[in-house]
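The next block holds one structure in the form of structure tokens; read it before the comments.
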């Protein structure tokens, strides 16, 4: 077990290369938000945009378009019933499942068209549907972001057994494509390659609806701009709760949209630490 | 008569247990907002979310969906014409009536499906319709939040008589299920068990449309996360006006949405007081 | 000529009476916003709400509903094609014309149903339509808020002649109902009873679209809560530009929505001045 | 090559004339935003409004109306399918192309109705469509705002060749109407008359979707209020990145909407510098 530390995140979030452009930071496609649950993709998208993804597109039920643009003009919106396949092709990172409800047709399209070089983050109701329909993980760089109940369904590890690290490893070995597991709970863990990383920041002020949607959006935004994938996921998980912990000094509950708004300032603090600690690297980047 | 004091609220709003999750803090269902009065449920929902309810769903006229999500992505939205019955089942607390207008069919569904273990807050036009239709209180943990005119209609106590505490008690005794009464006026009172609690904070800067919708949302949010119900209601009523009083130092009128935005910071101040006063409790919670 | 002074506004904006409620501060009905110009009524309504009107209803093209509620949940929205007549009855102050375009049918309904005891503020395209159709002022307490081109059309005073105070008085005498004239320009004037009040605050940072819509909304909000009407109008005109002048220290252009957001703090500063200057009055109000 | 300097921008952004009105600062028409890409015109419009344009109208797919008004009540919205021709006539500056997708019919209407005295800013997909359809620049004061790929398509200069100043000049000479070229990259350049201006502020925190839409909106807003056109474009390009550089001290990524919100304060700082440096000018303006 390794503690998910500040240093680990600071090593990922380094100053950007001067000669970069938005293409450098990847294109995130968010697939979710049925007619009732459009708020979930708004929270995904806000987190991805504020994290610094180069481009963010949301494929959703079209009745969600206006609310998305009213909050996030930076985001493109397409109808997940008609325009999904061609949109998947353009993405570097696909996040599927937040607020998707029972839209199995949409999920199946994502699973059918995702490519091996793409990162696929599977969240929320996508995990529930995959468990119910016995769907396999596709051939892609997969990140799973279940809460405990979803992991019980999809990973077939009871919530009681999830307390044992080896039980979770056993479930993960069954998947051929070596997914990264972000197992969300009041003590979130990340299972990556051969190591389990334990989150030690954050707290119960995060126990509110939509918190996971913001985390999934941050994972997508970090995966789009930082390579390799593993440390990017760890940094996203750390930053999400570290920001909440900061905010909790003045907030009984730290709302998802408040956390998302605080991402750029927090990331810049980490990036500046990496400058002051490591002047050689900085010169290389300039 | 007991003054609704700061200490009383601070005893309710204690630090959260570290091992909690969003389910710990309850699911609030808000039922209201006809085609013209959607703003009322936005104010309900913002207050419930900012208060720290675990989950918040709004059942409303569907034309209100986009405005709700544009302000509050944390909230789920369902059509109160088609999806109400199944949604009531999942709720811990139901708030009905803000901006409901004359949608008697919607109200009847709530009254028919509410369960004894659930908390039901009855506000605004729901009280007027119940008076007009002579509807009985259902078997549930009921909180009534009328202003003076609504209490005259529903409780059948004239506004003049409402100045006499015993007149209000007499009306309450007629209800079999012992509802809690929050009687809103420029000197709001709460009738709970055998005691009347007098609000002594707040002021005329709160005399603006929507103030009651925010209060009802706070009552719902507090009822969802703090037990037992009585002190939770008292704390919500106190905090609502105490926040307004704070804001009024720099505002001639304190708008409902401004009060709601200030809830998390105010609650955290109260929670921190309870830590500094009572270190033993804090340890138990960790 | 009298300078529109700080003292004049401070005498109007006094601390609220403790035993007041939202009905004390009046019901403003805003009628305007055709299918393209919905932003105008949003700015009207934000200004009226932030000014402290007790209740604000917007009667508009229904396609504007969602944008209004997304910004202002405190406001009620009705369809000006179907629900206008019954809504006018409930209002204390009616503001008609901002963004109304050529909706002459809507204007005619307002003119036909307004009552003598109600205040009617006539703005923007309502003035142009009344000039084109030779419509008379109705029997009500009327405030006209034209810019120079609108006053040329409706008052039949050329822009050149508007520089002469007596030319404007001559035009006003032709109206039987003694309207108050707010003649907007880079040096706005108010014609009230026998005096002309000259605005001396404000500046060219206000020269941007929507500025007049915010002013009209403030006039409505002040008229709803402060009596008599004349000083209320003067105070609204003064505060609108005084706020802009304050903001201009840090803004090259002072946008209408930014001015509106600053109203409650500015009014509270004026109200506190009136306390410190006049302790006797304060006691009376408590 | 001339460095795009702070002084150059400060000379453009001088204090406004006291006797001005909104007509003095021009009418910007933004044409763009298809059914999926409405966010682009929101960012255009926010930048134009915050820059101080007198009036801003957006001609767009009507499904974008509500999101635009929910963010920007100051803006008028028309349907670009039905109301474009008559709207072009009223504009001083037309910005076409942000988020326009493949709406060639809309683009053709703009090219057909633009007048020689009007400024036309051609952005994004308009440039791509003009390249694909071999469309000529119309007779107007044209500003082109391509990124490198768009300039390769429209100017027929390969991205590699764009590094050579003379290659860009050769392409520009082919256009009869002497357009101003804003060639966006990590080191943006402006080609104006006989000089190339090199941007030296800004950085990779700007590498995010929508950055160009905000720049195009600022160019439009500056062109509407500052004459002549050339220095206005230079000032807009400078301010856009200078604001981003300021914000980047506390933000890893500087979002387009955050930059737009900071425009009025930044412009006012420049205007105040021009006062302190040049008291003679200031007196003339008063």
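Every chain is named by a letter (A, B, C and D) in the order it is written, and numbering of its residues begins at 1.
Operating definition for what follows: a residue touches a chain if its C-beta (ideal position, glycine included) is under 8 Å from a C-beta of that chain, and two chains touch if they have at least 3 such contacts.
The UniProt protein names, listed by chain, are A, B, C, D = ADP-dependent (S)-NAD(P)H-hydrate dehydratase.
Computed from a prediction, not measured in an experiment: that's the story for all the values here.
Different-residue interface: chain A and chain B share under half of the residue numbers found at their contact. Of all chains, the one whose mean C-alpha position sits at the greatest distance from that of chain D is B. One finds 49 Å separating the Cα centroids of chain A and chain C. Mean C-alpha positions place chain A and chain D at a centre distance of 34 Å. Across the assembly, chain A contributes 66-67, 70 as residues in contact with two or more other chains.
Residues of chain C that touch chain D in their complex: 36-40, 42-43, 46, 63-64, 66-67, 70-71, 147, 185-186, 203-205, 207-211, 248-257.
Remark: chain B residues 13, 16-22, 24-25, 49-56, 65-70, 72-78, 83, 263-265, 267-268, 271 touch chain A in the complex.
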